[in-house]
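Residue numbering begins at 1 within each chain, and the chains themselves are lettered A, B, C and D in the order written.
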Amino acid sequence: MIVVTRRGFVAGAVAALGARLAAARPGAAQAVSAGPPDPQLLEDLVAANRILVDQGVLDGYGHVSARHDRDPNRFLMSRSIAPELVTAADVLEYDLDSEPVAAAGRTSYLERFIHGAIYRARPDVRAVVHSHSPSVIPFGVTGVPLRPLYHMSAFLSGGVPVWDIRAAAGGDTDMLVRTPALGRALAQTLGARPVVLMRGHGVVAVGTSLPQVVFRSVYTEVNARLQGQALALGGGVTYLSPEEATRAEASIAGTLSRPWDLWKRKLGGR
Amino acid sequence: MIVVTRRGFVAGAVAALGARLAAARPGAAQAVSAGPPDPQLLEDLVAANRILVDQGVLDGYGHVSARHDRDPNRFLMSRSIAPELVTAADVLEYDLDSEPVAAAGRTSYLERFIHGAIYRARPDVRAVVHSHSPSVIPFGVTGVPLRPLYHMSAFLSGGVPVWDIRAAAGGDTDMLVRTPALGRALAQTLGARPVVLMRGHGVVAVGTSLPQVVFRSVYTEVNARLQGQALALGGGVTYLSPEEATRAEASIAGTLSRPWDLWKRKLGGR
Amino acid sequence: MIVVTRRGFVAGAVAALGARLAAARPGAAQAVSAGPPDPQLLEDLVAANRILVDQGVLDGYGHVSARHDRDPNRFLMSRSIAPELVTAADVLEYDLDSEPVAAAGRTSYLERFIHGAIYRARPDVRAVVHSHSPSVIPFGVTGVPLRPLYHMSAFLSGGVPVWDIRAAAGGDTDMLVRTPALGRALAQTLGARPVVLMRGHGVVAVGTSLPQVVFRSVYTEVNARLQGQALALGGGVTYLSPEEATRAEASIAGTLSRPWDLWKRKLGGR
Amino acid sequence: MIVVTRRGFVAGAVAALGARLAAARPGAAQAVSAGPPDPQLLEDLVAANRILVDQGVLDGYGHVSARHDRDPNRFLMSRSIAPELVTAADVLEYDLDSEPVAAAGRTSYLERFIHGAIYRARPDVRAVVHSHSPSVIPFGVTGVPLRPLYHMSAFLSGGVPVWDIRAAAGGDTDMLVRTPALGRALAQTLGARPVVLMRGHGVVAVGTSLPQVVFRSVYTEVNARLQGQALALGGGVTYLSPEEATRAEASIAGTLSRPWDLWKRKLGGR
């Protein structure tokens, strides 16, 4: 278990991030940092990583990003480490080509292109999660569509597409979204939806905030587990109707701070 | 993990509740508080919230209420926060229209109408739990009835109806019991039974005490999980006969303090 | 979590047990205590209760007993409390009619007759566990026999009968083994085997020692879970042959101290 | 929970191991120790045992070994205790006949022959895990082949053979690999692959390092669980193509330190 005092790590980390950003390559257009992010955003980004481990969505792999609050053409994401270990000092700034603005020798996630491509294609998106959410994996490799079983996962109602990297790449790959082109193809399949599955790999969820994308990641996992159980009972499953889903999602949007505050507080209590 | 000393929080919280109640709107008939509840009841209400999180019945959502010990027309329930965070200081008093007697600016759960409607329709009920108990969800969206597999869940024997909010509302809703009319419709489907499922949403359990409603909530979840496994084995399932269930429920009623004391002690040990 | 220092509780508890036994009804033949048991046996009995909670076999219900080391006509079992809370001070002495020798006002488990009947019918048995082991419940209510999937559960090979209390009682009951006659009927169905399922209720395991009966209880639960998964894969399951099971059980018998020491040490580390 | 300070136990344990090795039988060719292993290897071997318990692959049984860094004809493995309890002081040196070089009265695992036979047959292998990995057991007793569902388990793509000890032994056994001949037969079925299932028993994984074999053990367990869920959904499962698997495995090989560092750090944090 990683012990961290919430108040302690943010101040120092923002300072450290500022120093790294100040050392960014001057002169190169894409190298100009947007400056230090809102400390609250940074704290929430670290929390999001840890919450998703606590909730069984992330294991040693996966990543969470947030669009920079000062510049819509920048996003923030940890260097390449296990999500559970992420601290504010590990957060790097990226441009929308998914290149780090000032990596200072730090390694980036191979699949950072998922994030930049989605931030470019989706101006409404301010946070992205890529995970190997376990219960979701089976829905990415069968013809069975993931559908909303209950109001908590109403956001799935518009359909959850399955992106097959083989079609996008025109042949066999190592399954990783390791190029800008693959990132764009994935973003295209995502379209305007909140969630896309990746065949033989995992899932991407997006949201207008870190609390929302964490909520969506958690309840995509829960819905997948419960949908599998419901299908096994036999006799057909009644999913939310589109209208029910639209209304339920709107209502639940007003309550997102409830689980978010709980999940953050559980981290702080450690 | 939330650390709380059981002895500490109750005294202060009852005092605080008294103060809030004293500030209630004087003159309005429904605003007259029934006065401070039995501290033991308040302690048990807080414990019930936390126990149901420990037992996997509640997550960041759901709520637990208890009828006021001084006035059958009042019930007690937390303001709108995650059940795991509930302390005695968060508990509000409600009338049977599910309106807070003295909210003092505190937000109420959107679905508080579940509780008031049931307390009005069921004089025998002294405690109500609404949850998204995970293993129960699949039984609410399939035609497969939840039935008692073993003596611990004998209370399910009279049948577990599934309430469909669409029928009650005459069309699509946001799935939430957010009006007195919807609360009454749910209470009507519950009838004289201990448990009702809500299609695409969750479950409500009622009891004559907090220990009983917690017990029923826990073993409804366990029964659902085990019934799914039994059905998957194939070859038919033998459920308790009605007479067995009646007798078993009566016998087990005498042992409820055993798990309740255990569950409470586990909270106190934190 | 219950904190206990292993060395501390035994000494005091044995003394207390001795005092209680000294106060036993003098003059009544069946009231003569066999005297204080071996402190190691008492420690192991307490540990067995807690280990089985840790391993998910027991919840707030169920009980564990051991034959008295000084008198084969006596056995030791906790008064009626949740297994996780059992300390040496809670252990009572029973005769083979399952009556406490010196209860001193303490309540006995309603189903204590399971234990006395088995100790009487099975001189080889020195420890008995009754549980609601969750994964086992479905096998008690379907026609699907529990069979050994792997060498760890080889002891199941002689067949696992399902005892139906309705047949034994000649009609509907409250499902509880609350009379000597029901205890005898259950012991008869158990026969010379190590495990018997109880329809709509739970399971009883027996052994020649506490470590063995705990091992059997744990691996009956594990086998049931894995057998359900194997059956769901389809295509038939290859179980251990009778000869494989006989040999495997003999070999594994020599290794029982390995998990037992581990499980006990995990308790002590708390 | 076993508390251990990572820095503390290694130094003393290496010294103790050196002392034991110095006391090895002089004169017997196979008794000559290769000398004390690299302390880092020893630390990793202890960590591997504990990590695999944390990850649910090992319980009270199973064992992990590593080829000696100073001599390819020697390997290191704990004496016969539960993996969770292994410390550096418990590690013994073995020759490729799976005989301890200097046991000094310590008991060896009955199935040590698995390890020696594989190290002899597979010069590329530097670490071996034998476990009763629960989700894998059903695949060893049904005709359903374990296949890679997603990129994390790409290493399974070459096929996962099921070794049946009955065929190897020409009849019924106690299911244990308790002779050099059985070890050789198992190694032969393993062939050049990373994983072999053992019918009615468990699984063996091999790797070029402890981090790799731990990774493979963890994701064999995860893949088995998810494959069971995918098959239950019905409608066919798309597995990784051979070319996808080859490429994915190569890419993931470069990231093994990420989960390994996480898993080790979680041990150290205790």
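By definition in this document, a residue touches a chain if its C-beta (ideal position, glycine included) is under 8 Å from a C-beta of that chain, and two chains touch if they have at least 3 such contacts.
Quick caveat: nothing in here was measured; it's all calculated off a predicted structure.
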Minimum number of chain-to-chain contact steps, chain C to chain D: 1
Residue-number overlap at the chain A/chain B interface, same or different (half cut): different
Euclidean distance of C-alpha centroids - chain B vs chain C, Å: 34
Centroid distance [mean C-alpha coordinates] between chain D and chain B, Å: 48
Per-residue multi-chain contacts in chain D, two or more chains: 232
Chain C contact footprint on chain B (complex, rising order): 149-152, 154, 222, 225-226, 229-230, 232-241, 243-244, 247-248, 250-251, 255, 258-259, 261-263, 265-266, 269-270
Of all residues in chain A, those that touch chain D in their complex: 1-3, 59-61, 80-82, 84-85, 110, 132, 134-135, 137-144, 166, 172-176, 178, 199-202, 228, 231-232
